[in-house]
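Each of the next two complexes has chain A plus one more chain, namely chain B in the first and chain C in the second.
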Partner chain A sequence: MLIFLGKRLIQALIALFILITIVFFMFRLLPADPTAAMVDASLSPETQMQIKASFGLDQPLYKQYFIYLKNIILHGDFGMSFFYRESVISVLASRILNTIILGTTAIIFAYSLGLILGALMAWYRGSLFEMSSIIVGLFFKAAPQFWTGMIFLMIFSYGLGWFPYSGIREAGYEASGIMKYFSMDFLHHLILPATVTGLYYLAQPMLLMRNAMLEITNEPFIELAFAKGLPERRIIFYHAARNALLPATTTLATKMGQLIGGIVLIEYVFSWPGLGREIVMAASRYDYPLAQASFLLIAFVVMFYNVLADLLYGFLDPRIVY
Partner chain B sequence: MALLKVENLSTEYDTLEGTLKAVDDVSFEVKKGEALGVVGESGCGKSTVMKSILQLLPRNGRISSGKILYKNKDITGYNNKQLREIRWKEISMISQGAMNSFNPVYNIGKQLIEVMIVQGNYSEKEARDRAIELFEIVGLDKKRLNDYPHQMSGGMRQRSMIAMSLALDPGLIIADEPTTALDVVMQDRILGKISELQKKMELSMLFVTHDISIIAEVCQRLMVMYSGKIAEISTTHNIFKKPYHPYTMGLINAIPTVVEDIDHLVSIPGYPPNLINVLKGCRFAPRCPFATSKCRVESPEMKLVNENHRAACHYIEKADEFREKSHRTETWEGLLV
Partner chain C sequence: MKSKKINLLFNDPLAVAGIIILTIFIIIAIFAPQIAPYDPNEIIRVDGKIQRLQRPSGEFIFGTTYMGRDIFSQVVIGSRIALRVGLLAAIFVAIIGTAVGLVSGYYGGWIDTIAMRFVDILYGIPFIPFVIILVSLLKPSIWNIILAVSILTWRTVARIVRSQVLSIIQRPYIKAARVAGASDFRIMVFHILPNILPLIFVEMSFIVGWAIISEASVSFVGFGDPRVVSWGKILHTAFNNGAVRVAPWWVAPPGFAIVLLVISVFLISRGIEQAINPRLRDGR
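Take a look at the complex of A and B:
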């Protein structure tokens, strides 16, 4: 188990290193000159050179790469944002948590609802319930997230007034540190974007679960569970659904990556101050240090969930041993 | 007194091609403390009989007529709640433990204890003690309770299965091909165990199998099924000694033996008939070497051979002659199929 975890972590580190390299050179290959964004062209050439030198941009590319790598490894320093003129870490730190909270809530919502619905759909195959669940699931999968977001805002915020329109907390609400995420106010703001995102990701775990369940219900141990006289609910969830969890879990990690990358639209519609919005802005501002670090962060989150999913397999299925 | 009495049971399945009558007008009984073997080819309805009793029929199946009396109460009309009172507490089951009969994600002990707690109102501690006791009975080390199904051999799983079937001291145990998918040595041990327990604990059993030689070892009485109907039913001794139905004769002659000097085994040519469009007459007639024109038109009634021996053949009075001929391979090979 520990050996497996160690191996997985080493793999993740290697993948991260390769990624850092690719991302670094990818941005340098873009036609635009990154320095143009941050050095005012009206300054004298000497001053321009001075500013470039202060960021290390006068160095040859391979040297820049090694400096970049060295700073990350030794100091955990991802450089200075060209736009904000503050360290990339501090810019992202305030954003990434917002995104992770929104994304994780959405994925938990999608998977818990999806798995339960999927299990019941297979059990009550051919029922009206099954048909309507498929339609609802596929509808939200097919509808663009921003559109669903706008419709939900129209109905639940403007129409019914149940939820706030945007942002992450009421103006004037004061809280510091981690505590700002543990308030009714934050929760109130979170529900609508998390629901919209969750609905988009609902269909896959739901349908995967349904298919896995359909196979499981033909297994002899389900028949035996009936013969044992167990209550039906226990058979559905404790025996059948528990066995059908694996395929859907496999998708959890990849979905999480997709979600963090794709959440930008939701963040935009709901004015959610998250990472996705920051990436778009950073790219359009040629703010390379920030964009690079954002990509790395996303990659890191994906890898984290991959390792998590791997560990989950062993927990879900005793036949899988590391 | 009959513990289980099945009266004129018919069970049907709805299929795309039409209604399939898997069990047709079957009557038999299981007495207290006796093991009744049910034998027949795949598709003869033996499993359906078993599933009808436990009411584990798939969604497209239903009992279309007849009664199943358990302790003199008809259980065919029972709803889920009433069935749960019967299941495992009164009628338990030994399924093919070597196959996927245990849930792969829970350890064996947990699955054993589960039924005792949920169905038998045992406390966690009592259930665990009982599980250890049951494992001793079937000859397994109690450490094995913590094993997951995949960590056990087929034979061990089958023993665990037997242990589980005994958990709540049921009145009747239905064994569904308990030795299929085991190697012969393990088959023999498991059968020995079942037979030993059956005699020692005076278990009432319904033993379903396609292997008639197995029945001889375990069961006191035997029922041969063919194509959804009972061909012959009597004590195991009677049937092996003096079968009256040509199908039974064929089955018995197909058992290899090391004692007698027989050059070759007899096999019954052909296949069981389609149960959707059932032909008139005796269902075995197309494969029967002794069939006459009467057999092809008129379906035989169950006839009493003697006090506890019934057979469904028009010519039970000619059985001695049939028996003689049935030993010869030519009798069966001369058939046009």
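Take a look at the complex of A and C:
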């Protein structure tokens, strides 16, 4: 187990290193010129050179690469944001937490609802309930997340006025440090984006749970539970569902990785100040250090969840031996 | 054998529904300029007055935009981009993924190791952020979106094809072919590939849906091709003009078009899967 963990971590580190390299060259070799957005053409040539030098843009490419590697690996320094004029890390520090909180809430919502619905669908097989759950799951899976977000904004924020329509807190609301995540106001802002994201990921745990439940319900021990005269609800959730949890739960970490990768759109629609929204803003402002760092951080989170997924398989399913 | 599988596909009502919806979309896309009552970029004026944010009516089936453009025409024309992106991306992905998977599974050894490690790395790359960044670096255009989607998505096809090759290669007829003197290329293309094709089709139809959603997403956040009308771009303009607040008719139609098209390819993909895999038939 430990050896497997070690191997997997080394593999992930190599992958990360290669990714960092690919990203560097992607940003440098492509046609768009990173100096163009930064350096005002109306400035005198000396000033232009000075600005370029201050961002290391005047060095040859391979030197830039080594400076870049050294800064990221040794100092965790991703450079200065062209737009905010402060270090990329300090811009992104608060964004990471916002993204992870939104993602975690969404995945918990998707899996708890999905597992319960899946269990009930199998139990009431062939019913109207089963059919409509499938249709709802499929619909939200096929609908682009940002569009679902727009529709929900239209109905629940503008139509009914139940939820705020953007951001993470009311204007003028002041709270410091970690406490800002424990207020009713924050929760109020979180519900709508988390629900929309969660609905997109609902179908998979729901259908996996349903299929696993269908197999379980034919097992003799379920029949025995009925014969003992146990109440039906107890049989569904206590006897059957518990044994059917495995296939769906093992997908959780992988899905979490995917969810973080796709959260860009939700953050954009709901003006949620996270990593994904920062990527869009940075890319449209040609703020390359910031776009690059946000992208790498998202990739890092995705890789982290992929490693976690591999470890969870072994932990949740004792039949898997490394 | 082949025709029996096709029969199975046509006996599945959901798959047939999918095929019908997809066919309708294809017909709409082909005849889009004839169907659309207006030019999608035309600013419609009546008596010199711009027809801003008109509600849906007989004249404007889905209403008009803030700039006085006809939404129905835009949605109809947009089907062309969606289908083009979906089909082309699926074809590119299938070709790259199949080639890598075939070679990797057939030769094994270090070729396999390198290819699969590379696929692992690709799995760590977040999809939508990657497409956004690549498209913004390369300049927004339909071709760059197709390129970005293809560069990343072949990973799934490569993995699936490789695992199939590994099992097929063990069968006696492959050895027989080798003894008979067939070249590696011939074995891969004529003896192994036909057995994997149906599975590749299943993946391809998924990718059609996936690519359509990706194009819409990238256009929605503002990196769409500036020269074309796509469903994602209609929604981008709608969102930026505050249509969520004032014009539901502007938001709903392009979204429903995406949902319908994507569901239709899901259904087709599920149908093919059931036709080729007897274990999935008979209820489940």
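Annotations for the structure displayed:
The rule we apply is simple: the second predicted complex is superposed on the first by the 282 of 322 C-alpha atoms of A that agree within 3 Å, B and C clash if a C-alpha of one lies under 4 Å from a C-alpha of the other, contacts with A are read in each partner's own complex, and residues count from 1 in each chain.
The rule is short, and it goes like this: a residue touches a chain if its C-beta (ideal position, glycine included) is under 8 Å from a C-beta of that chain, and two chains touch if they have at least 3 such contacts.
Because the structure is predicted, anything quoted here is derived from the model rather than measured.
Using the contact criterion defined above for the overlaid structures, shared-chain residue A:19 touches chain C, although it does not reach chain B.
By the touch criterion defined above, A:310 lies against neither chain B nor chain C after alignment on the C-alpha atoms of chain A.
Look at A:243: by the touch rule set out above, it reaches chain B but stays clear of chain C.
After overlaying the two complexes on the shared chain, residue contacts for A:58 are found with neither chain B nor chain C. When both complexes are overlaid on chain A, the residue A:185 reaches neither chain B nor chain C.
A simple residue count on chain A separates chain B from chain C, and the partner touching more is C.
Residue ranges on chain C touching chain A, taken from their complex, read 117, 120-121, 123-130, 132-134, 136-139, 209, 213, 216-217, 220-223, 232, 235, 238-239, 244-245, 248, 251-252, 254-255, 258-259, 262-263, 266, 284. Across the complex, chain B meets chain A through its residues 54, 56, 80, 83-89, 92-93, 95-96, 99-105, 107, 114-115, 118-119, 148, 150. Contact residues on chain A toward chain B in their complex (touch as defined above): 219-221, 223-232, 234, 239, 242-243, 316-319.
Contact residues on chain A toward chain C in their complex (touch as defined above): 11-12, 15-16, 18-19, 26-27, 30-32, 138-139, 141-147, 150-151, 153-154, 157-158, 165, 211, 214, 258, 260-262, 264-265, 268-269, 276, 279-280, 283-284, 291, 294-295, 298-299, 302-303, 306.
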